[in-house]
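To start, the structure itself, in structure tokens.
When the chains are written out, they are named A, B and C in that same order, and each has its own residue count from 1.
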Amino acid sequence: MLVWSRSGRALVWALFALVFAPLVLAPLAILGIAAFAGDWNSVLPASWTSENIREATAGTNYDSLVVSIETALGASLIAIVVGTWAAIAARGAPRFVRRLTDAVFHLPVAVPSVVVGLGMLVAFSDGPILLNGTKWIVIAAHAVLVVTFAYSTVSAGLDRTDAAFAEVAASLGASPARVLLRVRLPMLLPSITAAASLAIALSMGEVGATIMVYPAEWRTLPVSIFTLTDRGKVLLGSAVTVVLLVATLVVLMVVGLLKGRVEERRRRR
Amino acid sequence: MTATLTEPPIATKPTSAPVRERRGRGGATRALWVLPPLVLAAGFFLYPLALVVKQSFVDKNENVGLDVWRDVLNSPSFGDALWNTVKIAVLSTLGCLVVGFFLALVLSFVPFPGSRAVSRIVDTVLAFPSFLIALAFTFLYGTAGVVNAAADKLGLGEPLVGFLYSPWCVVLAEITFYTPFVMRPLLAAFALVPRERLDVAASLGAGPLRVIRQVLLPEAWPALAAGGSLTLLLTLNEFGIVLFIGAKDVTTLPMLVHAKGAVTFDYPGACVVAVVEVALSLTLYTVYRFVFSRTGAGRAGLVA
Amino acid sequence: MTAPAIERTASAVASAAPTESAIGIQDLTVRYGSVTALEGLTLEVARGETVALLGPSGSGKSTALKAVAGFLRPAEGRITLAGRDVTYEPPNKRGIGVVVQNYALFPHMRVADNVAFGLRARRVPRAEVGRRVTEALDMVGMAGYARRYPRELSGGQQQRVAIARALAIRPPVLLLDEPLSALDATLRADLLGELQRLRGELPDVAIMYVTHDQTEALALADRIAVMRDARLVDLDATDRLYRRPPSEFTASFLGAANLLDARVLADCTAGDDAVRVAVGGLTVAADPTGAFAEGTRALLVARPHTLGVAEVDRADTLPARLVATQWRGADYRLTCVLEGDVEREIRIDVTDLAAVPALGERLGVALPAEPCVLVPAGAGG
């Protein structure tokens, strides 16, 4: 519809491939190759091995994987609860309260992750709430970083759902709590699961704030990967990265399955 | 979404619900419901930020003043980092805009078998951690990397000596990672352009370049502005890519915060850099929000 | 307006020598993957002629237009414009004016810039652009709106601008793809009148008009091509096609005719008058559109306004039962079910309800005095 001749289209597609392949495909492919490379000094690895993958799922790397998953789930859960609560409550609040909530919950996207980490260090190293040195400082930092995505995804979902449903339910005599639990939250389920997936994916890959605040016994996978590559163990680092990606996909799939189960149950009711 | 909308969402037993009239209570009660999340946000985000600002005026010996600021701002490493940060962010954003516009244009208007799969890949990259790209680049563009090895085999020598540790490599990595952030809103905007408009423009005698310039670009401006300012914001704050490439000469403001805060434990110095960095990105963020609120494009397409 | 149109038909058809062909379509086939959207269409449109492609949705009429415009690449066949083969030429080299259903105006350009778009693409000198924009807007009565943006115009006004934009490049061929479908009934009637006037002002332009609305086709076209299931069903001069539809499908689609089951009582060919056919218990005269053998099953074409209502037991009527009455302002449309082996529903338009019985009652359906057209049963359907 834009380029009419066959030769013109072929030229455009060739250019597309020329940009897309090295820019997007090559980096993704190369990590997969590196994860299974035994010895790599030329164009392609000289030998292949699954040793790196085995090492990436054992010992300290396994511990880091568990830490990463726990951190992602914990931080995402907090972020979803707080973000959803804020988004729904802001709807009913007076205009200026709503705008204030909007501003506060959108702000973390504008603050570099290292600064969020630094703030955590400055605020929670002493005083009434002492988090530094515990896993909670990592989880708190992650929650702050992803809450903005939870808030804006749920807000966008609220924009799309029709307020009339809740009003009809209320006019039928349902209490606000019942309207919330039986009408508004179920209708927001797709947005909430989308927000959860995004939050988990971001948290699993977070490195900036984590590297500022992590205590020795709560090292997430990205930090482990950095430590490995910093020491020159790039092939093992690639293997751990592949494990991180696979783990993220698995967690996201589980979230998707849970969502399907909830919807299924509701349909049967 | 549609699945939830089509089933009756009010299939509960309305008669058993106690009839309570809460409408009259007004905004005060409803405003109270916002308090818990706001208090949490204040405690874990605003309060630490405020402390960062406060700390930047207190030196290691607990003296209040502008000494730390003077020291940091006068140090050459700060000037380099500031210049590097801005330079890398601006170049990366420009690159993302050009590449993203081209890729989105082809995916939308010159589709090919498999273009949907390509869109999927682009969506997936959005959820990946950025350091992954940097790690891949060390294999691709390192001195012993694939590109050099391939060029050597072809008798071209080793063209990429030192490229990995140059700012250009960081720029290329950030273009790779952030191009999808420009493409998402663009693809959404292009999806709204009726195909007939392009057909009719062509029938009136306009070639592809004229159609792009006069028919598509005006439609794409809001998405380009929103995607571009978000990318600029994110590249200013990018940390993972720079950290993983690990070039000694390429220090950015977030790297400086990390070095001062987590390596040498110079909290006041780290706080000064942090305040500058936050001021920089907040200014940009305000511009972004302004553009976004004017156009309505962008954010919803990026996040949802 | 219909009377002069018919006169012009005669002259246009007479002058349709090969050199005068503005659009030539030969054996055109268009496929989307495994779906054939258009199959073997052959059609000529002469200079100054209006041909309507009429058919239900999915009949391939829009596909044909898009192929002529160059928006689609045909799988087979040839398209010529004034004798020049353009089958694989891009649309921007064809010089055709195209108007589509949703106007497709450029929303960020003022009306004047929309109209000037094609001229600027052709690098027409600046001074002339202004003159021709004014001229084109004058033609559609939109001269006062040059500084407006499309969103500030009504649907009808937007479509006028779209027409002006297509005309500004002075195309020898104008393609209109359902141009009135997005408008409400009143605007549609207004703009239809406007199109008739424009037709008169553009004596040399060949127009291909795609529509599913027979009123538009009847009002504008010199010839009508009836399409169905990706194929051309019938093609003829407008009045001839209306009066003597050669197929069951055309008869019912163009003018919503009733089709009555009939049995041919004697061998006949097209043009024979007063062929005897049996309809229900009656024997009536019919006007055959083709050759029929004695004993063949065929269909008698009777337009709703040519049928009448009489007492139920009158000898020259078909017995039926009234199932619905609809007041349509100028007349009443009655829906009846014929009694007989096959219960066929027929529609009758009457201006007076005095002779009409109550709903559910029986009545007699009187056939017109003139012989009805006889078409083959099942052809095209």
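For this structure, a couple of remarks:
Heads up, the rule we're going with is that contacts are C-beta pairs under 8 Å (C-beta built on N, C-alpha and C of every residue); 3 or more make two chains touch, one makes a residue touch a chain.
Chain-to-protein mapping (UniProt): A = Putative ABC transporter, permease protein; B = 2-aminoethylphosphonate ABC transporter permease; C = ABC-type quaternary amine transporter.
Because the structure is a prediction, the values reported are computed rather than measured.
Chain contact topology: the protein chains form a complete graph, every chain touching every other one. No other pair of chains has as many C-beta pairs in contact as A-B. The centroid of the Cα atoms in subunit A and the matching centroid in subunit C are 58 Å apart.
Here the CA centre of subunit A is 14 Å from the CA centre of subunit B. Counting partner chains per residue, subunit A has residues 1, 4 touching two or more of them. Residues of subunit B in contact with at least two other chains: 199, 202.
For subunit C, residues that reach two or more other chains under the stated contact definition are 70-71, 90-92.
Chain contact summary for the complex, subunit A toward subunit C: residues 1, 4-5.
Listing the residues of subunit B that touch subunit C in their complex gives 194, 196-197, 199-207, 210, 214-215, 218-219.
Contacts from subunit C toward subunit B in the complex involve residues 66, 69-71, 90-92, 94-98, 100-102, 104, 106-109, 117-118, 121-122, 162, 165-166, 169. Interface of subunit C with subunit A (complex): residues 70-71, 88, 90-92.
Contacts from subunit B toward subunit A in the complex involve residues 1, 3-5, 7, 9-12, 14-15, 17-20, 22, 27, 30-31, 33-34, 36-38, 40-42, 44-49, 51-52, 55, 99, 102-103, 105-106, 109-110, 112, 118, 121-122, 125, 127-133, 135-140, 144, 146, 149-150, 153, 175-176, 179, 195, 198-199, 202, 208, 211-212, 233, 236-237, 239-240, 243-244, 246, 253-254, 257-258, 261-262, 267, 270-271, 274, 277-278, 281-282, 284-285, 289, 299-300, 303-304.
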